[in-house]
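For clarity, chains are labelled A, B, C and D in written order, and residue numbers in each chain start from 1.
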Amino acid sequence: MREVVFLIQTADRKGLLAEISGFFYSSGFNILQCRQYSDVRTERYFMRIALELRPEVTRRRLEEEFAGFASKLGLEYSVFYQESKPNVAIMASKTSHCLYDLLMHADEGDLNCNIPLVISNHPDLEYVADRFNIPYFCCPMEKGKKAEQEAKVIDLLKSHRIDLVVMARYMQILSDDFIAHFPLRIINIHHAFLPAFQGGNPYERAWERGVKMIGATAHYATAELDEGPIIEQDVERISHMNLPEDLKRIGKDIERRVLTRAVRAHLEHRVIVSGRRTIVFS
Amino acid sequence: MREVVFLIQTADRKGLLAEISGFFYSSGFNILQCRQYSDVRTERYFMRIALELRPEVTRRRLEEEFAGFASKLGLEYSVFYQESKPNVAIMASKTSHCLYDLLMHADEGDLNCNIPLVISNHPDLEYVADRFNIPYFCCPMEKGKKAEQEAKVIDLLKSHRIDLVVMARYMQILSDDFIAHFPLRIINIHHAFLPAFQGGNPYERAWERGVKMIGATAHYATAELDEGPIIEQDVERISHMNLPEDLKRIGKDIERRVLTRAVRAHLEHRVIVSGRRTIVFS
Amino acid sequence: MREVVFLIQTADRKGLLAEISGFFYSSGFNILQCRQYSDVRTERYFMRIALELRPEVTRRRLEEEFAGFASKLGLEYSVFYQESKPNVAIMASKTSHCLYDLLMHADEGDLNCNIPLVISNHPDLEYVADRFNIPYFCCPMEKGKKAEQEAKVIDLLKSHRIDLVVMARYMQILSDDFIAHFPLRIINIHHAFLPAFQGGNPYERAWERGVKMIGATAHYATAELDEGPIIEQDVERISHMNLPEDLKRIGKDIERRVLTRAVRAHLEHRVIVSGRRTIVFS
Amino acid sequence: MREVVFLIQTADRKGLLAEISGFFYSSGFNILQCRQYSDVRTERYFMRIALELRPEVTRRRLEEEFAGFASKLGLEYSVFYQESKPNVAIMASKTSHCLYDLLMHADEGDLNCNIPLVISNHPDLEYVADRFNIPYFCCPMEKGKKAEQEAKVIDLLKSHRIDLVVMARYMQILSDDFIAHFPLRIINIHHAFLPAFQGGNPYERAWERGVKMIGATAHYATAELDEGPIIEQDVERISHMNLPEDLKRIGKDIERRVLTRAVRAHLEHRVIVSGRRTIVFS
């Protein structure tokens, strides 16, 4: 079965569900799943609708027909075909845990994507990429040459037709310019329960503050550091016995599962961004 | 704003969403929320649709119109008006924790219901009901007189026009006949994570088995003990240090929050039963 | 059985466990439980030791003997007798959920304390205290008369020989002077997962930030607002569908269980404070 | 620093803590950590004590001295040296998730062990072991030749001097004879929250029963299937939307983290078994 997913948002108003579902029904599509949400605060309407794409309907015809309908109703939307696997690039620095977890899940068939390359500013993790037979590109960050390094990375991403960039503990702050090349197409993992402990050394600071739980946050990277729309968060209970190095180890397991869940949600086209908030259909 | 909720289920087939949402839209209703689910295993379709009831539409007209439409499509459904608070009876025995939690939440406005009476087979908890100014009926269970006792309780429930019976640690097994009077209208709390530890003394048995988490389960009461459709479950981590009496104390807090959540889900018309399973719209 | 608990802390050094346990053993005490912790970062040693107090040993003799021993070893300590129930004052403002939860748990025998009074700056919650037959003192906060109001409250607390003050959503900032009267004897509940969302309106801000979990934090009140040593925290998963008013309702259940757990830990003499951190023996 | 850990259990009686800690102190050992627990139900006493091993003390001398002391006091005990890494064998069948997680954590330095081999009854997972440069032994299970296959596996385990066998979704029931070779040295992962759903197909049965959470259980393998002492359990919330295949996917992540945590607890010498229960020091 060929499946197509529309992610739609628009100003909320009466009748949207009936009109949109009616459009697809009368065009002969079978609606497999439809999830919607009206945000009464911002008066926005959000929909994820999954359809069965019959062989006799071309993508082109579907998109042309829907484009006309959508423009009449003022819908913003994206369309995704299950049969087209997105290309994902993983960026990492020196710690392997998130990288491993993503590669392992992809290997087990639990992430619907291709991973054509891993990019790092250090050589340390090449052996991990090697183990999964994935090309590893080391783009070191030389002092005062951030723009050059980023240009090289952007080139790699563009030439591999990357749909999603996953920062799996890539320890460099991306420039606004870099981010602008991949709007809402970069997912970052922050090793704290945002907005607690923004910035550096969160585990050390968590220990000092004496918190009783630590967490991690996966979010889209935006121009403001650690301020992008949050996709997924999780926490784990700790105790006074846990030193900062324990928090780091415990945190690794939280980080990897939060990042992998966020990437899966994105790849399954279940995330719509609205301002600083995300709608994540479960 | 007057709100009306339809809970619908039927055999799954193409076009249901468009047809049902189209019906309400063309009848001039504003759809506030619509959640649906197609179970591909059982090929059943489930919908919860919340509408704004305009002043000029009587309940009667709405129900007559929908009845015709539903019969044409073969829909099973129930309809609920937000403005009609359901009547809830709480049944308890000797432990107060679930009773307190329900009364407290109702008192704080977090359960949309009236609680016209508390029924018990013991006099012990009268003071709790008193504190919340709720009539307390003690119907003791005399040996060999279960049928008489149940008849008295059923009378009380019927005469108070009870919509939902909550067994808040009522330590008597209800007869099939009793249950048949309130089909899927009795919620019970079991003090274990079902299907683990069905039957009696779950905390003692949990200690003996050395489990690392204990839980509680809220379910509709059916003819088979501890086998009714589950509405809500939760667990808490325990350790070897916790004796059975600790498990009992920890369990009390799990039981009360699981039961209160289940009752809220039912009162908000978010639960549809399908065989042994429940669809709980969040 | 009469139980006595010592909470001890001192600079860490070799042999403390053997020396302290040896002291009690050779003095003929049965050690019921002993939990200890060496913080290698701060080089502090912490111990909670519970002993059986035989009838022939007076409190006075025990304390005199231990005082000599402790001064030789440089131990800071407190001693608590299970048979002496601490006196707890609850302070609240207008929302009843934490107050109810504490009174309910005390009523069920799950908090080892007396609650001789409830104090509020508003008259709203008198009916709650009344239901549990606890005197309610309303000390309204008039503009510019904070010092007078606090003096009145301090008088009430002192005259009732209060051992612990629980701020169960008391919506006034206590002055440094007030706090100095009850050092590490005031537990506050903050309605967010500190250090996220310090200060006011945390649920509104959590909604705006689009977090995927919300939490609550119980901590000792100190001169710096929301910065005192944390005793307990917990979180719950939320979704984009939850409006700020939902967060408030969900948060109420987190707040009450976090506060009650923290109060229980304190009353069971399981908490030792060390700088900004707490050691909470489970 | 060289660390040595004693795991001790004995019948509970007065003075054990003072005597044991006194023994080590007077022998000149620095106690790094001491955790103990008295089970008042079974009247057993359990202790984990970690000491610093000074260069001038040989293992032999320590063990001889302690043996005499222990025999006088009637202590059962084991002794472990941090510097001796245990040898762990992983057994798996066709699904890679637990195997990957263990290898990944070992690779990251988060499991203190050597993994000299992976054993399977199928050839499917050889590539996974290969990626981590670990020898893979395929011992197929031919009909009617279980004893021969097990003999071969036992040979492999003995010749590699294996201290711990981890059944990472090895889908064969071990014979009592096999288990007797490695008493409390085999950890198994069951893909359900035991004692719920013992036996086969737990995810299918969980779906049918309509539970709202699924879990996994790591336990020592004993002669009775799924009845061995539990080391670790965890659960995750699911919903009506999750089909059995979703439960399987969600379950994989629970299984791997539960198994890895249990293996870590065992390797850190934090687990003592007492009948059907485990004491797991955190």
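Keep this in mind: a contact is a pair of C-beta atoms (placed from the backbone, for glycine too) under 8 Å apart; a residue touches a chain by one contact, two chains touch by 3 or more.
Model, not experiment: these values are computed from the prediction.
The chains in contact with subunit A as well as with subunit B are C, D.
Annotation: B-D is the more contact-rich of the chain pairs C-D and B-D, by number of C-beta pairs in contact. Taking the CA centroid of subunit B as reference, the farthest chain centroid is that of D. For the pair subunit A and subunit C, the CA-based superposition corresponds to a rotation of 180 degrees in steps of 5. One simple way to say how far apart two chains are is to compare their mean CA positions; for subunit B and subunit D this gives 41 Å. The centroid of the Cα atoms in subunit C and the matching centroid in subunit D are 38 Å apart. Among the residues of subunit A, those touching two or more other chains are numbered 239, 241, 282. By the touch criterion stated above, subunit B contacts subunit D in their complex at residues 37, 39-41, 193-197, 207-213, 215, 229-235, 239-241, 243-244, 276-280, 282. Partner subunit C is touched in their complex by these residues of subunit D: 14-15, 17-19, 21-22, 24-26, 30-36, 38, 237. Of all residues in subunit C, those touching subunit B in their complex are 96-97, 100-101, 104, 107-108, 110, 131-132, 239, 241, 249, 252-253, 257, 282.
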